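Submitted below is the structure of interest, expressed as structure tokens.
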Amino acid sequence: MAEKDLLFEMREIEKVFAHVHALDHVNFNVRRGEVHALLGENGAGKSTLIKILTGVYPKDGGQIFMDGKEVEISSRESAAALGIACIFQELSLVPTLSVYQNVMLGKEIAKFGIVNAKQERKQIQDLIDHYGFPVGANDIVETLSVAQMQMVEILKALATDAKLIIMDEPTASLSSRESELLYKIIHQLRERDVSIIYISHRLEEVFNLSDRITILRDGKNAGLVEKEHIVPSEIIKMMIGKEVSEATASRELKTSDAEPVLTVKHLTRLGAYNDVSFEVKRGEVVVLTGLVGSGRTEIVRTVYGADPYDSGEILIEGKPYQPKISRSVATGFGLIPEDRRTQGFSPLLSVTGNVAVTNYDKLSKSGFVNKANENTLGHEAVRLVDLRPPNPDVQVGNLSGGNQQKAVLGKWLTRDLKIMLIDEPTVGIDIGAKDEIYEIIERLSADGVAVLMVSSDIAEVLRVAHRILVMRGGKITKEFNNGVATQEDILMASSGFAAEEGKEADA
Amino acid sequence: MSDVKKSGFDVKKLLTNSRIIVLIFLVAFLSLVTGGKFFTYGNFVNILYSISLTGIMICGATFAVLLGGIDRTVSGNAAVCGAMAATVVLAFGQTTGGAIAGLFAGLACGIVSGFFHGLVLSRFAIPAFLLTLATNEVLYGIVQFITGNQLINVMRCDFMNWIGENRLLGIPIPVYILAVCFVICYIVLNHTVYGRYVYATGGNRQAADLSGVPTRRVIVIAYTISGFMGALSGFVMSCMNKQASAAQAMGYENDVLAAIVIGGVSMRGGSGSLQGAMLGAVLIGVITNGLQLLGVPSIYHNLVKGVIIIVAIAWDMLSAARKSGTATNPFAGLFKSKKKVTA
Amino acid sequence: MRQETLRRFISFGLLVLLVIIFSVTTDSFLNWGNINTLLRECSVTGILAIGVTMAIITGGNDLSCGHLMGTVCMLFSFLYYYTGMSLLMILALTLLLALMGGLLNGFSVAVLQIPDFIATLSSQFIFAGLTYIFAIRNEYGSITQAQINNPTITALGGQIGKNGPYFVTIAFFVMAAIAQFFLKKTKRGTYIYAMGANRKSAEYSGVSFVKTKITAFVISGFCAFVAAMFTLGRLHTAEVATGQTLALQAISATVIGGAAFTGGRGDMVGTTIGVLFMQVLRNGMRKYGFTTQVVAVVSGIVIVLVLVFDAYYNEFMQKRIKRAAAAAREKKAVSANG
């Protein structure tokens, strides 16, 4: 390996969370002026690695080198001082200020506190022209498109002479034209010797853009591939791991012959999903998978009554159903929403307080709450989800992520459920709690509840699904109804490879 | 945390409530230094009497604050109700029937006003503070219409005089009214589904929505209750003053808010209790009373009130931070900024 | 069009519309004498609104500036009446009080981390208390008023020449211009916007929350000082209730001018429009012969309408942005599939 080409190197990095190795002796390096992709399933350790690299987490072991010298990255500031910049998924710009003000924020060119706007503007406009970004230095950030905002973030990085820019899912909310523009900019940056760490679930673009790909799996290095040796199926195998047990690598699917509980026919909501039809039968677990933004969450919310739809039909047990939240709750729906923090629970209320909210039809008599029943319900819910600590009086905000999610589940488990809608139940939850949540889902299914679940985590999909629907761009593009589905199949289908193969076959 | 047992009367919990401790110390201190003037039945009744009007308003306004809002119109509603009631009473010739008609007319005004605020605030993302700031001006404008900018004297209405002047078992009637309001609102907040929904909606409206809580209705009802309580307080005030004025209750909204805040109700909503808010009112009442007994001129009372609010909130922030284990030092921000200056 | 530009256009358009309506329908509105009076009457509120705008742009609020102004007035009259201090000394002490008042707010908000509007509500109580303490008392101990005859101060209530604009108006416009320059052209001004619009991002860029908040509140304190001097110049005396309703007026004007309580939005041009709008409305309605209560009701209703409009408009814009994003996604999906 040409050592002097190396800009940045991480050696034997370790990170331990609660006795679990999130990163286990991981090696990672970036050459000057290369695009280096970081690939891995959810939970493989990508984001932990990036957080160590940007100074959010301290490392528990290993060494970091920049330009051949060992460095300590203890904070965001020290990362920035080393020339490391991160383009976050969640943009961190000031919306009401102009592009140049944002780029220069905190490092204004000023005399006696008065800003030399002319010079700042010129400096930034020069930088913009140099790279040919389609933004103006004077544009107000909130008037820009998401892609343009990302460019401002990149400008911010460039203005600090960043040598290494991290892009975390930069195309997740871009249109294809905007993505093309970003690719162009990435090429330009590379030509100017800026290195880029690129993280994306869209394998196609990763394969096209990257000079090298580092693959992580379960917190360990799983492979390092040079551009000329990229073979998609090989890389997918590395991500999944060959030695994984059969139980999670593939799953025997079967179509149940029970009567359908939820039937969706030609459901369309403009801009979200288009002509979607499927059914969920008694005791069946149907998983909607695919990339974020493919319309999965919107379908679940529509069925529940939280979002409107434009056309189509929803049937419950064969009868037409007009979704409305209060009606859904009364009919026997349950919902685990996408983001438990903002939609799932009330952090200041106790577990009992949260769990009881959906159950007052049973807990009250002419408007008055029966406190004894309420407490019993709290204990019952704690028992059903095996909450830790097993105390229904704890504020939910003080629980761990997994137990918070269990509390949200507890809202519904004490009810007579017909349909359970579950949206990304295990994001940010440790492995132990994940398994418990899967067990709860299996129990629900065994009890005859129809489960419709949204998940991006392929291992999770294969763990719980009876049938799998893959969505892409607002449509169900592939169904796995029978036979054996493997991680590879699903990854191919949701990243678009399978869809294209299918197209070619049609043609 | 898990081994905290729940019992009917939780002494431990009571004693860890910093407000109670402060109150006990205050009472002990004042009893000692005032030479027996403070610790008398009569003086306690006086304190309760002095907080009865704000107390009734607090019963309503706490609903709004628990929902993450605020209701500054408690004073405007009180003024409208007082003026409306007095006008009706005069029209009926100061009879008891007239007084009851006036009471209902006044309360109706408060209910309508509260209902309107609830409708607007549940539909639009308007800061409740701003909206009620503006509408309070409107309400006072309406009061000036009703009163013609004159004092309306109601001297000879037996019913109103009975409320304003009489005592039962040595306790003034307004204190009983406060007690009834408090008990009802306490029951509503702690023993009804509606009360649970108030906490759920205030704590996280989106989560409450998705759990099937009719959050819009919850908000409308809360502001309606607040309007009702403000109006009731205004009626009692008119009984006590034997008149309705165009500036009735002006500035009470600040006292009400101060008590609620001192009582530990979070302005973000979803946390705090009515008993806490009332304790805040009692604390202010005891301190004001103590200052009077100690011969501190009333000019210092406002000053003290301002300092208490700052101390109470800063205390809460500090203990919350200590509990959650983050940023234990409220001065941390200061030191951080210093570091930046040198860097 | 950018949301803020459109909003500015609307508030300015409404102001012009009001002026035209009153000019056409009444005889006594559009003449220099009336306009000059109108400008004089709104200027003290306007000066306070400058400080309030700063606080609101940082994402906060200042309920106490009116009370602080009253306290400064009272301290002035106290020192003037009871001590033989020179004017310069009195000015220095009152300015010190005003700045300390601002600092107190800044300290509670930035260091004690008390929400702005509770912090300034409590300082409102404190300032009201101080006002009583400084009040002039007769031999029986009850509050009286003292006449302030200092020619320099009384001159502040005057105007240029016989019919020229009042000094207070000039001060308002000059201060608004300086404040606008400060907000738009200086580092600290930019930080005020950045802090209000996205605190996290501002702090990541090295902007200090504590310093920015304190800057805004100290400016507000200074505005209260200037407003107090002109108030004394006009009234020649201080009362205990002086200024107590002005903070709310200033806040309303600021909001009508387009500043958002969520922070990061608003400027002095908007605030000036808001101040003028409220005053033109009041003045014009009085020309119609409406009583003060009608004027109060109508201006309250106008504020409510503006609030509802702002909320509705924001919602509309948010929906539009979402729809545009969804449409873009769909396009991509189509091109990806096709």
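Order as written gives the chain letters A, B and C; numbering starts at 1 within each chain.
The rule is short, and it goes like this: a residue touches a chain if its C-beta (ideal position, glycine included) is under 8 Å from a C-beta of that chain, and two chains touch if they have at least 3 such contacts.
Please read all numbers here as calculations on a predicted model, not as lab measurements.
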- If each chain is a dot and touching chains are joined, what shape do you get: line, ring, star, complete or other? complete
- Item | B-C or A-C - the one linked by more C-beta pairs in contact | B-C
- Note on the structure: The distance between the C-alpha centres of chain A and chain C, rounded to whole Å, is 45
- Task: Please compute the C-alpha centroid of chain B, do the same for chain C, then give the distance between them in whole Å.
- Result: 28
- Query: Hey, what residues on chain C touch two or more of the other chains?
  - Reply: 206
- Message: Two-or-more-chain contact residues of chain A, please, as numbers and ranges.
- Response: none
- Query: Which part of chain B faces chain C closely enough to touch in the complex?
  - Reply: 120, 124-127, 129-131, 133-138, 140-142, 144-145, 149, 254, 257-258, 261, 267, 298-310, 313-314, 317, 330-331, 333-334, 336-337, 340
- Message: Residue numbers of chain C touching chain A in their complex, please.
- Response: 2-4, 185-188, 190, 193-194, 196-198, 200-202, 204-207, 264-265, 323, 325-337
- chain B contacts chain A in the complex at 1-2, 4, 6, 191-197, 199-200, 203-204, 206-214, 266, 270-271, 324
- Can you name the residues of chain A that touch chain C in the complex? 76-77, 92-97, 101, 105-108, 110, 113-115, 117, 140, 142-143, 145-146, 173-179, 270-272, 274, 293-294, 472-475, 477, 496, 499, 503
- Across the complex, what residues on chain C touch chain B? 61, 108, 110-115, 117-119, 121-130, 132-133, 135, 206, 208-211, 248, 251-252, 255, 261, 291-297, 299-301, 303-304, 307-308, 310-312, 314-315
